[in-house]
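Note that chain A is present in both complexes that follow, paired respectively with chain B and with chain C.
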Partner chain A sequence: MQKTALPRSRKRRFQNTLPFWLILPTLIVLLVVQVYPALYTVWLSFHEREPKGWVYVGWGNFQRLFHQSLFHESIGHTIVFLVGYTVITMTAGFFIALLLNRKLRLSGLYITLLFIPWILADIIAGMVFRLLVIPDYGLLAGFLQNPAIFPPKGLSVLTAVPPHPWFGDFPFPPAPAMILLILASSWRALPFITLLLLAAMQTVPTEIIESSRIDGANGRQIIRHILIPLMLPTMVVALFSLTLTGVNSVGMIFSLTGGGPGTSTEVLSYLLYTIGWNQLRFGRAAALALMMAIVNWLLITGTLRLTRVEERSR
Partner chain B sequence: MKRIWLPLTLILLLSLLLVACTSTGNESAPAEEQSSAATKETAPAEAKDVVTWYQYDQNNEDPASDERVGNEYLRNTIPQFNEAFKGKWSWVNQPKAFDKMTTELVAAVQAGGDVPDIYELSNTQDLVDFYRHGTAQDLSEWAKAQSWWGDLDPAGITACTGPDGGLYCIPMAERPQIVYVWKDRYPNGFPKNPDEFMKKAEELKGEGLYAMTFFGSTDKGGEGVTRAIWTTISSFGGSFDDGKGNMVLNTPENIAAIQFLREIVAKEYVPEIAFAGGFREEDAFKDASAGAFPTGLFGYRYLNPLTAPSGKKYDKGNAEDMLDAIAAGDIYVSPYLSTEGNKPGCGIDIAGFVIPTGAKNVEGAHDYINWMMEPEQNAQWVAAAGGGFPVLKATRNHEIFQAPLYTQASDALAVSECRPWFGSLQRPNEAQEQIMNAIYKLIKEDPTANIEEVLTKTQEEYNANN
Partner chain C sequence: MLKINPLTRKRLNQMAVNVAILLVIVFAMIPIATTVLISFKREQDVIRKPPVIFPCDTPEKSFDLRACRWSTEGYYRVLAPKPSKTSPLGFVLTGNMLRTYLPNTLLYASVTAFIVVFLAGMSGYAFSRYHFRGYRALMTAILAITGVPLLTNLLALYQMGVILRKADLPFWDDRIFIVIVYIGFYLPLSVWIAKGFFDAIPRELEEAALIDGCTPLCALWRVIMPLAMPGLTAIFLLTFVNVWNEFIAAYLLIAKNEYKTAMYGLYDFLGQNIINVQVIAAACILIATPVVILFLFTRRTFFRAMVEGAVKG
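== the complex of A and B ==
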């Protein structure tokens, strides 16, 4: 009896632990490529490199960041960029999705054309926009720098001085270069967001919309009371995607403005790049990366709370 | 049957994992193989590799490439080296992006990854970072025992010396900042002082032209500081440090220099594109809409194609355009202007070799450097790969350096006072960004801002982290 019982219990144990063994490879990969770098970043943020080796500096890297004027400026620029980028992309994406949802002729072609920006790398898209507005030599320079169109001296987008801020040191209204950066980033993100929203829109039952029309609802009321509530989970996903790319992406800034003119498009992600890559201050860069991770987390939980998706999903 | 599925699944997963792990290691192999293909052809199989990192790519044969001179140099020289060390060493070059190779080396040394045996140093300030990160080997003992040691210009040795007295690079070329000038715009020579400059600039403005263009943006981490900004500051007798590692910006000389820059920008003697970044300031010199361009001597390679004020085109689209324009007398090289009591200032960099910590073939690296110190090889390297003038005195009379570009530059430097912009500052990359941001703000963004206030704030912010 014992002889048969043992293999059975072993088999049962094996079957019970099988899911663990099956996900083990994934876990190992995750540990290596995600958990270890994350822990290393935390370690790095409390250390600084000196000729004698790595030195523990406690909160020193964080303190130095807080004392850096560019860090404070970058927070303001990041907020302006993030708000502009998400609002423009979401709004434009929603209305383009509405148009495409009307099943216009050649809507397949429109969707294909719309998708073009998405297949371009950030760096390339940035360079294309840059070539349009290079002072004196850009494709649109003749138009933009025409004093008759933009008095008194014309508009040189990449070098124009930011307007005087309305609220203390907060960089609003933004510099023309920041506006261009927001537009270029939105142009790049628009296809994905539009398709995401279009897909969600197409899942809304037409019966509901038809019956609301019969009940006398106008277009605006249908959007506000039917489409948006039913599309909300997808819109939150779109908002997550935009928020994360808005806070973290650096490619477009790198190729379009390089953080300039002056520091007027220097956002946190670009500051992180310059501290880590140009200045080789890995500890301070890790500290900033850690702070940005916390900001990302706060933004996501904030969005969830705001849209009350958590409660709805329970 | 069921019994078979479980082990099969596990084996499959394990093999997938193994493939995933091994494939990452193999991915880099083709690139390395490709980059070294040209070198291996001429070297016997038993020769040990001497791995170098250069910003040049021997496999790039594009005649219009920005780095054509360096690429061609490697293509010609690698077989020569392999022939000279047949059966012993084989030169394997791994091309790297010029603006990323420093960070890549620092990271590779720290991570214990593959590092080259020789690293092409093109920027003296990188040495400060190498020292802090323990990236470079101290070569003092070995270098002092070599026959060429006594023939090196002491300024080059000083530039390679770390704060602890160790020698962290072998200097090969001195790369100064000079001024390229269109002859038709300044037929009587580049102005000698600010007053002359203002007068001439107003004249040029009347003709719809700009007096000069320069790297005026905050792009590339404040790189502009190392070029015309420093040239101007030092020509006014200014500096950025106190000689003890502290940043000192708020000085009468610096203020005067900034006022000069502010004035020429406000009066539109400088084109708007000077502030656009991405090296686009060069465009205004290329089409001669700007009469002069203070930049590095090395920069001649990137200033093409050129259109002279007469309409004559130099349009080979490579480094020969500038040499042709100088030979034809359309462009000349000049010292910068200066204020009374000061010589025209200029920045100077050292190009040379670093043997990184963890290099596998130090003996090969030593042989490589010794070979490069042979007069003919030295001259070729300095002219093609390093750019500038030889640190090795014996090479200075080589015929290469008798070309008009070099003789004119030499004359300009003879009346100038060249020194590295960062002086005693120990965090030059950080300093250059802060200084450039401050100067950009003062001369372009907010020309009414109080100069003393902005400079004091900047130096205090830097010095707080000393």
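== the complex of A and C ==
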């Protein structure tokens, strides 16, 4: 081998620092693509582009963002979206996992089939749901636009104006397009959450369930007092991961609603795109990105702390 | 009370569960099935009011299997075949999707996946086997980076892209840029997954190789790599599919049309074909089919990587 030609001390030094050399390329890539842009975003958020170049504006970007009514509106949209998305996905995922948790001959096939939506790109998933409700021609449009079913004029999901909000400016009840967005996002996230919950469910020892059944517990009691407490750490992880993807996903909005009708599906992630690339206000968009990154970071540290607690309690 | 034989009862129960799952699957498949149906319709059947599910109705009957008007018009318009004398098949496909966008996607996805596997393999191994100074801090840092979304970094990356384009570096184009961005974004999670897989390989094997006179690098290459192959394949597949499906970065960071990806092409179709949804449906099916087939053949590997990744964060 060629290495033997090296002087012994150099060879020794190379072997002692081997882990460093193995990690170095990864570190360089991460510094260039993750750390530097993150710092750059911080810099951008305090600057704005003027005709003569970048100008320092201090907290101006943040102030202007807070005064933008669309910003407040999209916080409302994001909250409505997140609550609907997490509740629907977690509930449906839990019940499907319960079904799959029995020893079924075909459960491998079932899981594979159920998983296909997850493998589709978010933009394709949005497109697929859009095709269902395209005004007049979508396959569900015939049903939804029937005035007998949805009085008074039938429901055209992609163009219907949001109903009058119940609580001040908070966008609840959501616009039909928002409901569709929630359903489409849940549809795509469901397989992953189901698999995660199923994996946790399968670690619950069957002896515990058997013995509680002998003690006279019924199905609901077993779920309520045994399964859910034992699965709680995983459920929290699933919830956090759903929230994270929900805050950051944007592809589906592009193909499903484009933020519309009006601004009724303009969530924060899409607002970032709108401010940055439609209004070309990079500084203000960076301020928004920074705030979103902080929310992300809080969510991640939360997850980390929880998983660490879980590891310690094992 | 009706007395039921416990065995029959169990079987009935099983059947009920199976039926319930099948219902869930059918329900989950409806959007995909309708897209497939639409992609095989003619324009006249797509723009009918009220919409029909199957283009199989005749003036007399609402459904007649012999009267079905299936067509490949949507695919035809995506692929845009033109007769050609030089081609051995007698025609060439001139659609942008197949000539430009899909090859680009394939290129970015495979190059990114290869490099990610290589880098994640190296650093995952180091993290799994050596507990050097700063080990814990580095691990935590990488885990923290795992959660940084592509979205919030996009503004800065876009500016970097603009500056780099202006700098007019030799050999530099948007393709290199986007691949580097993808590597940076799919690497952190892959490092974690790789570490998990390496942790599962017993150290004794490696020590035996070292005693037999292998250098650490040789032990890594000859002993560990073959055992880690399934894990690394999983990382490759996961990264490949992630890049294949990525839209927003490709849309914003690539300036030249000839370097854009299939997902961009699809978004472009949406703007061009407001009425002709069969074209959009056909494009969706064309782009999604490769990854769905890839997934069906490698699902076990997939699930393993996902569970490994999910447990870690």
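Keep in mind that, in the parts below, the second predicted complex is superposed on the first by the 269 of 314 C-alpha atoms of A that agree within 3 Å, B and C clash if a C-alpha of one lies under 4 Å from a C-alpha of the other, contacts with A are read in each partner's own complex, and residues count from 1 in each chain.
In this section, a residue touches a chain if its C-beta (ideal position, glycine included) is under 8 Å from a C-beta of that chain, and two chains touch if they have at least 3 such contacts.
Predicted model only: the values in this text are computed from it and were never measured.
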### Query
Quick one: chain B and chain C on chain A, clash or fit?
clash
### Task
Mind working out whether A:29 is in touch with chain B, chain C, both or neither, as first, second, both or neither?
both
### Message
Looking at A:228 after the superposition, I want to know if it touches chain B, chain C, both of them or none. Which is it: first, second, both, neither?
### Response
neither
### Task
Scan A:87 for contacts with chain B and chain C and give back first, second, both or neither.
neither
### Query
Counting only touches as set out at the top, which of chain B and chain C does A:306 meet: first, second, both, neither?
neither
### Task
Give one of first, second, both or neither to describe whether A:136 is in contact with chain B, with chain C, with both, or with none.
both
#### Entry: Which superposed partner A:298 touches (first chain B, second chain C, both, neither)
neither
### Task
Could you look at A:278 and tell me whether it touches chain B, chain C, both or neither (first, second, both, neither)?
first
#### Entry: Per-residue touch tally on chain A - higher for chain B or for chain C
C
### Message
Let me test your reading of the model: by the given contact rule, A:208 touches which partner, first (chain B), second (chain C), both or neither?
### Response
neither
### Query
Just chain B (first), just chain C (second), both, or neither: which does A:55 touch?
neither
### Task
State which residues of chain A lie in both footprints, the one left by chain B and the one left by chain C.
18, 22, 25, 29, 134, 136-137, 277
### Sites on chain A touched by chain B in the complex
18, 21-22, 25, 28-29, 49-51, 53, 64, 67-70, 130, 134-137, 145, 156, 158-159, 161-162, 257-263, 274, 277-281
## Note on the structure
Listed in rising order, chain C residues that touch chain A in their complex are 14, 17-18, 20-21, 24-25, 28-29, 31-32, 34-35, 38, 46-51, 53, 119-120, 122-123, 125-127, 129-130, 132, 138, 142-160, 180-181, 183-185, 187-188, 191, 215-218, 241, 244-248, 251-252, 263, 266-267, 270, 275, 277, 280-281, 284, 287-288, 291-292, 295-296, 299, 303, 306-307, 310, 313
### Query
Within the complex, which stretch of chain A touches chain C?
1, 3, 15, 18-20, 22-23, 25-27, 29-30, 32-38, 40-41, 44, 96, 99-100, 102, 104, 106, 110-117, 119-125, 127-129, 131-132, 134, 136-139, 141-142, 187, 190, 192, 195-196, 199, 237, 241, 244, 247-248, 250-251, 254-255, 269, 272-273, 276-277, 282, 285-286, 289-290, 292-293, 296-297, 299-301, 303-304, 307
### Query
In the complex of these two chains, what residues of chain B are touching chain A?
6, 9-10, 13-14, 16-17, 20, 100, 102-103, 106, 129, 131-134, 163-164, 217-221, 271-273, 275-278, 280, 283-284, 427, 429-430, 433, 437, 440-441, 444-446, 457, 461, 464-465
